[in-house]
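Each chain carries a letter (A, B, C and D) given by its place in the written order, and its residues are counted from 1.
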Amino acid sequence: MNYTIFGESHGPAIGVTLTEVPAGLALDMDFIEAEMARRRPGQDGLSTPRREEDRPEILSGVFQGHTTGTPLCAVIRNGDTRSGDYSQLKACPRPSHGDYTGRMRYGGYNDYRGGGHFSGRLTAPLVFAGAVAKLLLDPKGVGVRAVISMAEGVEYPSREQLEQLVLAAKAQGDSVGGSIEGTVDGLPAGCGEPDLDRNVEGIFARHLFAVPAVKGVAFGAGFGFARMRGSQANDPFVMENGRVRTRTNHAGGINGGITNGMPVTFQAAVRPTPSIALEQDTVNLDTGEPVKLTVQGRHDPCILPRALPVIEAAAALAAWDVLNLPR
Amino acid sequence: MNYTIFGESHGPAIGVTLTEVPAGLALDMDFIEAEMARRRPGQDGLSTPRREEDRPEILSGVFQGHTTGTPLCAVIRNGDTRSGDYSQLKACPRPSHGDYTGRMRYGGYNDYRGGGHFSGRLTAPLVFAGAVAKLLLDPKGVGVRAVISMAEGVEYPSREQLEQLVLAAKAQGDSVGGSIEGTVDGLPAGCGEPDLDRNVEGIFARHLFAVPAVKGVAFGAGFGFARMRGSQANDPFVMENGRVRTRTNHAGGINGGITNGMPVTFQAAVRPTPSIALEQDTVNLDTGEPVKLTVQGRHDPCILPRALPVIEAAAALAAWDVLNLPR
Amino acid sequence: MNYTIFGESHGPAIGVTLTEVPAGLALDMDFIEAEMARRRPGQDGLSTPRREEDRPEILSGVFQGHTTGTPLCAVIRNGDTRSGDYSQLKACPRPSHGDYTGRMRYGGYNDYRGGGHFSGRLTAPLVFAGAVAKLLLDPKGVGVRAVISMAEGVEYPSREQLEQLVLAAKAQGDSVGGSIEGTVDGLPAGCGEPDLDRNVEGIFARHLFAVPAVKGVAFGAGFGFARMRGSQANDPFVMENGRVRTRTNHAGGINGGITNGMPVTFQAAVRPTPSIALEQDTVNLDTGEPVKLTVQGRHDPCILPRALPVIEAAAALAAWDVLNLPR
Amino acid sequence: MNYTIFGESHGPAIGVTLTEVPAGLALDMDFIEAEMARRRPGQDGLSTPRREEDRPEILSGVFQGHTTGTPLCAVIRNGDTRSGDYSQLKACPRPSHGDYTGRMRYGGYNDYRGGGHFSGRLTAPLVFAGAVAKLLLDPKGVGVRAVISMAEGVEYPSREQLEQLVLAAKAQGDSVGGSIEGTVDGLPAGCGEPDLDRNVEGIFARHLFAVPAVKGVAFGAGFGFARMRGSQANDPFVMENGRVRTRTNHAGGINGGITNGMPVTFQAAVRPTPSIALEQDTVNLDTGEPVKLTVQGRHDPCILPRALPVIEAAAALAAWDVLNLPR
């Protein structure tokens, strides 16, 4: 299944075109919309008050409630945009956002309003695609889930801890980073290859790095391996109910680029939202002058809760790819 | 430039086929062999005593010392193999090695001798490919280098520190993990895209995860972002000698999946070599019985020094891909 | 530039998602709509009276009249559909149409109404994509044009000859086949490779065979080579105004899979429209019984005039691919 | 299964790297060598007297007589080369050969000796790859065969007719063109898609146009459709022994880009060998002067018999691709 996400934050619409969706999938729109609702902002005091409807319209690839097997295009119309908020950003790029690189890549023709194609809003169609992948994975016994494994240095924060540190950052016009832990259960042993194109770790990483704000991806013990010896790191094989298992799962379910039948586990580092209310240094690209920038508009002090369904979507798309590798 | 690595540790030969090598590159074999020598084992007491010649023979794609632009195949003959060492491994997979997943993936037809296609020896042709990439990058002003950023928990170990902890592990029949920091200088701003297929982080990750033993990849501050606020993480823009730069480089040279002109920096987590001399638990896959396994043969207590040219090779191949993206 | 065409004849919409469109192209909508008008049916007595508006709505990838470089999605809403016409076809496939193979491929989940995704209507977004390619090719000096080289055996028919034979076929409830000759001027010498993935003939063929009804593709003298000797077939090199040319162009501008600087010329065989009014034999797939089928609905007795812009679109997309191969 | 052919006619070796070969195939080397023998020149008076051994050496991907599932590299050493024959060709390209386009594509760095990578000798590894594909197809009930359907205008020539016209051409220092008809039996209905990437006609065409000298590819009635009406062209559905069949097979087993269960039939136009002994006009690319060229060396007056296994190889590789499309 390939997906192409299109759209700009303040253009007519955003959406996704999916190819190679198997025919005959009952497209459970209630599930899809519930997944999209998990990502929707403005649900509590922790995220941007921009309201999005995010109701996807299916233009193709579905007939009588089932996928047809031909390309599926889903579109979400944009509304509630305030283009005026962003006019300053054309010349003065926000630090660590895509404004500058977008201008360099696209020769100044990119739609800079609200981040354009770089906007976090573009993760809505990604969640749509991931929800389709989840519907495909479910009957195969494959499940995907994610939790916040760190927020501003706090490991596995409780809801209260998270709220506390996010509100503290918000009060200061700041944002917080963290990490998300993902688990994919049910992938059979023997999917993947050690080589470049079909390495399971490479496939997951490629999908996860396509999520804005993800700056690191690690499997199993991940960067913890850097503090280990082989005798600690190795996962001994054992028989369990007639099946080969490993006693530990430091490898995160992958040896030599191939699934070993244990859950695939990963960590994704999520950088703090670059859009903060604090004054920042930037330059005016037209004049070369230094500029003190104060970003107007509505921003998330912490995207971690909303990023969970996005990371799950990327992982589900990766898991579907992995499950369909030649075996 | 695409590469396909072929071969098994104890088969007739290993090698690599490169396509899309630009025509007219003067193939500096002294440089290539020097790169390969950096990876070669048996150079000191820290690595496996297996001797490899690793002299690549160029079968195609080079004429009168220059690349022809047509596919380049380089072959390294295998020698000094002791197949008898590994016969036990067919039924009893070494923990955390590719023995079990290879058997599951390839239905038992994989060449299990010495790890077969999963052997670390297969990184020799990867270094060859990376050396070609370095030769291509050099006239474009792009350089790639890597250092050991951690070994068994010690940050940026000195040569003595490294030797000490490796010999300690070796004495106990154990191995040590670590991490490698890579830096790619000279990539211009504006390469890449936010989307799945051409995201610069995704491209680097895909290449790096194809290196055996790499279990994590992170850019710039990487997993350090999980402890940061946006105000710390953001990289302010400044003018420097008439060029746009960032004061810090927490983003590792990449915003929104696109290079920003700063050095691309990354960390790669490298797991401890799974082949250790200590007795380990495994199972006999034919009988389902538990087995106490003691791996015979010659093993590396620490692959970090030898992994440096391999990581550089993967990064150089990624950098060449990035430089050739449509702009 | 990659394109994905989506939609079904009687679904909500059809359209196309284009990726890798260079940023900064002034999107001349008058030109694009003029190209689409050339394909539109119901323009004279020769084609189906179904009226289509075919006004594309651009959902993304365009800002202030120029392409942004991010994915461009264009949508054409469906209207004027009469689903009742086609209900019989679910069980009784029309000979030589996609009804049967669609059912076999998609397990009966494909939208069978009006041919669904197999409908000739899906060539409208292809013409859109081709028009974008033409706009990109024009400033590079590359032009694409197509003429009818045969209709029901008549070579290069005049407008009157064509009208005569089409009306004769129409009167009998029949349709006519033919061939279309394409010419691509302005491609420089040295694009392409002899090998599988970047062979210029292979690239053109892949695009042309994606046009419904195309059953053959040949370059230069094409199948005429089967009647020739080498001395007739070879194209001697000559200097012309300081440039290397060939005296003849039997090779159709391609030697060894690489452009030689002469016009790329090709023939595409176009089968007669399978939807004819005459009674035909088919089977009821549910019962296995033979059925005499009379296809209701509105059909083209000859698609050749409307196929010209479609063939040009496919050739323009191929030419753009060829021009962007590594050189 | 992907293949990369490497090598130059007068370099150290030619060969092929195959990826995605399924594990566990018993690699019948007798069959493979028999296939390669069919392509080998010098078997009778009709082809070039250059002797080739063409004994492939398997470097990887085979263990204990079976494929391992990891990349398979096969190498054929070059011998019996007379580089002196070709020295003139560097500056003075042979008409309709790859000399000129190779120079333009590769900036003069291509190995021009004996055509280098463009040499017909490079079809030997293609036949190797095709033989592997045939071994994979055989247990699936898929068979591939090819016959000469035309030689210098004579349809389906007998052995005597062929010999007569080839010897006549040879006597005059000339060569003859023709066409080859291929048939692929046993592909099930429902493979493929109407769209660009997985259209069965496109897949076959891509493989067939990668064969040097192929200038046209058509399916079923092919260019004969240009003389037909729909009522003649359509293939009525019938039940035959409980299976859906078509009474005729003008479509060549493909409707809407998808197999319909009938044999896939195609025609490939094969241009006359461009290397002829007759004097030809060319230019000296270094001086721009016109040159009368007489090609020395050993040439085939008719490659049709030797092309049969090559066309079969390309078709077998295509058929394997088609069989492995998602269904």
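Everything that follows uses one rule, which is that contacts are C-beta pairs under 8 Å (C-beta built on N, C-alpha and C of every residue); 3 or more make two chains touch, one makes a residue touch a chain.
Because the structure is a prediction, the values reported are computed rather than measured.
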item	value
Contact-richer chain pair (by C-beta pairs counted) among C-D and B-C	C-D
Chain whose Cα centroid lies at the greatest distance from that of chain D	A
Interchain centroid distance [CA atoms averaged], chain B/chain C, Å	46
Distance from the mean Cα position of chain C to that of chain A, given in whole angstrom	38
Inter-centroid spacing, chain D versus chain C (mean Cα positions, whole Å)	26
Multi-chain contact sites of chain B, meaning residues that touch two or more partners	4-5, 19, 70-71, 105, 117, 193-195
Touching residues on chain C, where the partner in the complex is chain B	19-20, 22, 70-71, 193-195, 324, 326
Chain B-touching residues of chain A, taken from the complex the two chains share	3-5, 93, 95-98, 100-102, 104-105, 117-118, 122, 150-153, 169, 172, 174-179, 189-196, 199, 201-202, 205-207, 209-210, 212, 214-239, 242, 244, 246-247, 250-252, 254-261, 267, 269-276, 278, 280-283, 285, 288, 290, 327
Residues on chain C engaged by chain A in the complex (per definition of touch)	4-8, 11-15, 17, 19, 23-24, 57-61, 63, 66-73, 75, 105-107, 109-111, 116-117
